[in-house]
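Think of it as A, B and C in the order they're written, each chain with its own count starting at 1.
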Amino acid sequence: MSDSSSIVLVLTTVQSEQDAKRLADDLVSQSLAACVQIDGPIKSHYRWAGRIEENQEFRLMIKTAITTWPKVKVRLLKEHPYDEPEIIMIPIAEASDGYRKWIIEQTN
Amino acid sequence: MSDSSSIVLVLTTVQSEQDAKRLADDLVSQSLAACVQIDGPIKSHYRWAGRIEENQEFRLMIKTAITTWPKVKVRLLKEHPYDEPEIIMIPIAEASDGYRKWIIEQTN
Amino acid sequence: MSDSSSIVLVLTTVQSEQDAKRLADDLVSQSLAACVQIDGPIKSHYRWAGRIEENQEFRLMIKTAITTWPKVKVRLLKEHPYDEPEIIMIPIAEASDGYRKWIIEQTN
């Protein structure tokens, strides 16, 4: 499989389901993602100003082509409500062939 | 760690919790997976015939040996209710040793 | 990106939300994780003593530095309520730069 035909998983989180849906539809309508799944509510635990905080969030699982990932990152940094959002990319080693092709076709 | 002792994560999604449980139990009973977790309901956003659709789905997170993954893909393509299901494989770089061995022992 | 500046995703599961929160806060307070998300309830299917079992669980998604991962594994093996817990590590290939730096700063 050549590198340019690979697909990846991109994860980000937001605080409201409304923001999650807005980002999901934005990415799909811009052909930056073939499919976005929204999980949640989930509970995020982290340290802020010396205290441990717990917040409710929703997670986006974004499926896109590896060649589209740089544009997804730029778009999320622009559209995301947080100043410093989690945006992480996880490689998909293999996939069913029809699904991989569908992801590639739906993105640019 | 040699390649044949590696374990992987396989993800797929279905529309009903009933189908999710059927596929999970099928994979475990066939020794194609040591453990399957069902997440959801989740919300999937994608483009279909020029429109953005939103559907409820359930996600299977399948833990298996890398050497069993090709059989998992074949089995899912046969048993999955969708014509073109998402079937993606993500490598697990490392794991607790006892858990990795348990996954390998439970699958073939 | 040098190896020591990479970040990873660590997954584990427990049976109660209370144990999930205890482990999440323990890892964050020990600077072993920058952020832990708790998903669930999820449904786990697996074989035990020849029978297929279904259990409710909660999943921790732990974000940490790759250099901290060995300490996370040791800590989870000590604090986890199961004898043989799932502890798996998935590499994050790329991330938004600010988020990656935040993860590295928060862990040791």
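Things to note:
Here is the rule we use: a contact is a pair of C-beta atoms (placed from the backbone, for glycine too) under 8 Å apart; a residue touches a chain by one contact, two chains touch by 3 or more.
Quick caveat: nothing in here was measured; it's all calculated off a predicted structure.
Between the two copies, chain A and chain B, the C-alpha superposition involves a rotation of 120 degrees in steps of 5.
For the touching copies chain B and chain C, the fraction of interface residue numbers used by both falls below half; the interface is of the different-residue type.
Per-chain Cα centroids separate chain B from chain C by 19 Å. For chain C, the set of residues that touch two or more other chains comprises 39, 90-91.
Taken together, the chain B residues at the contact with chain A in this complex read 8, 13, 39, 42-47, 52, 54, 57, 59, 69, 73, 76-77, 84-91.
Those residues of chain C that touch chain A in the shared complex are 7, 9, 21, 24-25, 28-29, 34-39, 63, 90-96, 98-99, 102, 106.
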